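The structure's right below; bear with me while I get my questions together.
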Amino acid sequence: MDLLTFARGPALKAALVIFCVGVVWRIAGFALLRLRRDLNAPRASIGKFMAGGLKAVGTRSWPHPEFIPRTGAGEALGYSYHIGLFIVVLMFGPHITFLGSLVGFTWPGLPSSLITIVSVLTLTLFLAVLFRRLTHPVLRMLSNFDDYFSWLVTALVLATGLAAVAHIGAPYERLLAWHILSVDLLLVWFPFGKLMHAFYLVPSRAINGALLSRKGAIS
Amino acid sequence: MARPVSRLAEIPVRIEPAAQGAEPCAGLGGGVAALLAELAALLAGLTDSGRPAAIDLRSLPMSPQDRGELERALGEGEVRATIQADGVSIVRETGISGVWWVEHRNARGELMAELLEVAHVPEILASSVDEVAAAARALQARLGLSHATMSARSET
Amino acid sequence: MSIGNDELTVGYMLMKHGVSRRGFIKYCTAVASTMALPPWMGPAMAEQLRSAARPCVVYLSFQECTGCLESLTRSFAPTIEDLIFNTISLDYNDTLMAAAGEAAESARAKAMKDNFGKYVLVVDGSVPTGAGGAYCTAGGRTAVETLREAAKGAAAIVCVGSCAAFGGIAFADPNPTSAWPVSAIVEDKPIVNVSGCPPIPEVMTGTLLQFFSTGQVPDLDQHRRPKAFFGTTIHDRCYRRPFYDQGKFAKTFDDEGARNGWCLYELGCKGPTTYNACATLKWNGGVSFPIQSGHGCLGCAEPGFWDKGSFYSALSTPAWGKAGETAPHRVLELTAGAAAVGAVLGAASAGLSRLRQHEREVDEDRTRS
Amino acid sequence: MSDSTSTFSAALAPEQAMTPEARVAGAMRGFAHELGALSAFRLESCIHCGICAEACHFYIATEDPQYTPVWKVEPFKQAYKREASPFAPLYRLLGLKREITAEQLARWQHLLFDSCNMCGRCSLICPMGIDVAALIEQARHAMFDAGLAPKELYQKAAHQRATGQPEPSSEPYRERLLAIGRQFGVEIPLDKSEAEILLCVPRTDIEHYPGAVAALARVMRHLGVSCTFRSDGLVAENYGYYAGGKQWQRDISLKLIEQALKVKAKILLVPECGHAYTALRWEAADLYGKPLPFAVRHVTEFLADELTAGRLKLSSAGAGKTTFHDPCQLVRKGGINDAPRALMQALGIELNELKNHGAFSFCCGGGGGVLDIERAAPLRYRTMENKLREIDETGAATFLTSCSDCRRTFDDAKSHFSWDKTPHSLLELVASNLVATGNPT
């Protein structure tokens, strides 16, 4: 079995299984901890606080104007590489074929040349966020193995993907195999590290938004 | 200006822009310039050491525009030869002496190879020593003359 | 160099068949060009070959379909390569030769004896080793025996087709005949793999021609294939490549994209991972090649091409297990099963945490009281 | 960090002396007690983006990374990963997260108490929507159980739990209250057996701002509502909340809850005190174990409602250019944003808002018990400078707020920095501009 067949075959299957087991394990593992009902009288009606939760999912995507002078640049950097990742992951033809073969439907993609430009930009932003994490005192202090490894795993996927598309450094089938292997690695690591925030983002914002709305406070 | 040009390679290659029409250096025009520079180097090699050389045109990706530009840059020379051997081959000297444009076609007229040869005469045109020898023997045989009589005649 | 006197040179034999020196130079120039050799190699090859002794080729067929030989003999028109191989060099090929039975076998023995250490052994087909080699026997001898014996005196072995080179279809899972490629049986001879199912005829002839003229095995890649032909992927040289770069893909074989000649990647084309010269040399004397005819590359020149998932699923898609294992509903079953396991583990860990929490609280109450 | 360690031993009350093992065990107990799906989700969600630092006035003032809000709960994140997270068995098995140590906890005392007002500004900035302040509150509970509450907070909480008032006074607060009534010529409703509204009073007001106490009595009397103070539940503050003693917080809250039940009150009216509002409005029922049978309201929202209902009329205060400090417990964590502004409008006040106002207001710097922690003063002053600058920049002559602790903090800054402004109570301003509505009392 050659490397590519291994990467997109047994390795991918195993990674997918580990991913699913891990993600559900992790979510169930904390969601089933005890949950106490809030007995304090709410200020807002249930409808209002549910709405507040939904609203927070959107509004927390960008800092409140009061915070922008201090955080705007940092958040813009953070979001821009995420947007880049989304474009590359979801809009590149071969990726759509990959995801489509798993879910059973496809959607239109973007020209590969555009995707290449976006991924180069995204990789540049990736280096920028790493640089920032290494140099910003707060980030350096907060960062642990998870932060750097999650960065590495994601950056590897991006870099190998770019190399495969551009045919740089090795024969295509080896680059593609490395790319898919790096995706396998990412899937395996996903449930164990901070990448889980992809699943947490919406409910976390919604819960905090709802709880603040329950008090009638701004979220 | 005063310094004499002693080597062919020192002659700067300038590409004449096309008389009319499209941008002269559009597309892969840079590739044509590089090709001309390589030819200049090969010509220098030919004059210095007598070493012939060739460039396989099929190995170079060229747009029709590039091709036109290359043809214009090289121009037409005086010699044009046709070889009939298992299909037609056409050998033309370009406007740059020593640079030959060679096309080989098979019996069905399909292009099999296309080269720019840098040589005094492309090897394929010249008759080879053994062929000449064989031909001489054949000719003598046709005339019914032995080798010995031939040489005796020339002595007298 | 006088060829007139030496009746055993290639040049003499070509001349006898009406091929002039210039015709031969021209042919060799074209071969060099297709092999991406330096242009001066063409005439040099021609000169060397013309004065070279008549080469001897022994062509053995094992577990094969004769497709490779078909490819070789159905190459365009009666040509120079046809002359060189079929007429001049070929001393044994059980399919093509007029002789049969004992006569054929003794012709082979004679050729091998006369040219010991010098002949080129061309092998077509994989070598079955199961059931004591009984799956492929000729004249009461198994393929393994025949191959081992023929390999002894060979200067080099050229494996023609993916079966001889990599085991091919017979080698595919579950490999019922325990078939092996030649390289698994013969280990002490230079081996050149000219893979493909079948290989391009010009690739076969070009490889042999180069060996005859230089007496040396050409530069080979990791799979022992001549780099001259297998140096780039189909995808690299594909005329549809711009559509790949633009992200324009045919989604079905009869959609607008297919009619417009867009890239067949999503229809399972293996061009990007297949090293062969189809996109440049093409087939049938340069008429076309599969992608030009609207079908993706199957990757037939690559090892194990039969076992790499569906020909019609894209390279970037998952491929595990048997056909249909990666269909969406099967993937859903797989992930749902995994998720159920995860849920059980998660519930267990939450339960454990709660228990530990409870223990600490009991501990707390005990401390209090 | 040796200096922190030395301060921590100095900052301990004698009854908090514990062995390191007992400290860790205590912290883990407190932590286990606190942990539920919600707090676990908050700990899970942090992506280490560091953005919360940019909301925190301690970080903004010092640019010292250790003041990053989420870093303040780092030991508890670590404990969570090791003890209760979904992969906790793996963490323990592979030794990926160490057990927290007493030394580590001691270091974090400074971060959890001295340099956090629990003002909740970080909870508003987090892009993942984590309520960081809620985590810090829970971490304080564990610190309390580890015997690591700062001694000022611990002692006041202990005293309040035992006696009802956070510190001894020359005369009991009941007497002080009556004295204030006599001093300001206002009747103090005290120890009525039944009343619709139970009143209480900030200790800070009794000690420092008797005018505010009188103002509350005056306004209530003006409105003619049935209300009373109760000698057995007089103090609004809850030092149990500050110190992190959850059980103590409950005991202290119960004093007021019991009195409210006793007088069959419909409303427990929280005076101008921010954290008292949080403790009673948003936490008391949970500690009590069932929903409270009465409403908990802050005096500003109560008065604003009276205004809307037409029962309260105010004359123009003639206060000139004015700015207002939103106490974080009321606006950001309590949702009381419009009430003080409605009152100020009724008072004819031209409000010049601070650059960061409403829910985005910076904390005064004294909240969360920080004002009481002596060693925290230098850092607190440093942090306040930004706030004072914002107030100055409005160019307002009058400076109002609606929390006596905020007021006390600003007063303290006034003497420390020789600052030229005096914080005033919005309630007092209301009390001095009451207009009769023909609603006889």
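First chain written, first letter: the chains are A, B, C and D, and each begins at residue 1.
Convention: a residue touches a chain if its C-beta (ideal position, glycine included) is under 8 Å from a C-beta of that chain, and two chains touch if they have at least 3 such contacts.
Note that the coordinates shown come from a computational prediction; the quantities given were computed from them, not determined experimentally.
The chains touching chain A as well as chain B are C. Closest chain to the protein centre (all Cα atoms averaged), using per-chain Cα means: A. The chain with its Cα centroid farthest from the Cα centroid of chain C is D. With centres defined as mean CA coordinates, chain D is found 37 Å away from chain A. Taking each chain's centre as the mean of its C-alpha atoms, chain B lies 95 Å from chain D.
Spacing of chain A relative to chain C, judged by their CA centroids, is 42 angstrom. Look at where the CA atoms of chain C average out and do the same for chain D: the two points lie 78 Å apart.
Among the residues of chain D, those in touch with two or more other chains are 35, 84-87. Within chain A, the positions touching two or more other chains are listed as 25-34.
Counting partner chains per residue, chain C has residues 346, 349-350, 353, 357 touching two or more of them.
Pairs of chains in mutual contact: A-C, A-D, B-C, C-D. On the chain A side of its complex with chain D, the touching residues are 25-36, 38-41, 43, 56, 60-61, 63-64, 66-67, 70-71, 74-75, 78, 136-144, 146-147, 192, 194, 196-197, 200-201, 203-209, 211-212, 215-219.
Residues of chain C touching chain A in their complex: 233, 235-236, 244-249, 251, 265-266, 272-273, 275, 303-304, 307-309, 313-321, 326, 328-329, 331, 334-335, 338-343, 345-347, 349-351, 353-354, 357. Every residue of chain A that touches chain C in the complex is listed here, in rising order: 1-2, 4-5, 8-10, 12-13, 16-34, 92-95, 97-98, 101-104, 106, 109-115, 167, 171-173, 176, 180. Taken together, the chain D residues at the contact with chain C in this complex read 25, 28-29, 32-33, 35, 83-89. Touching chain C in their complex are the following residues of chain B: 52-56, 58-59, 83, 85-87, 89, 104, 106-108, 110, 112-115, 117, 123-124, 128-131, 133-134, 137.
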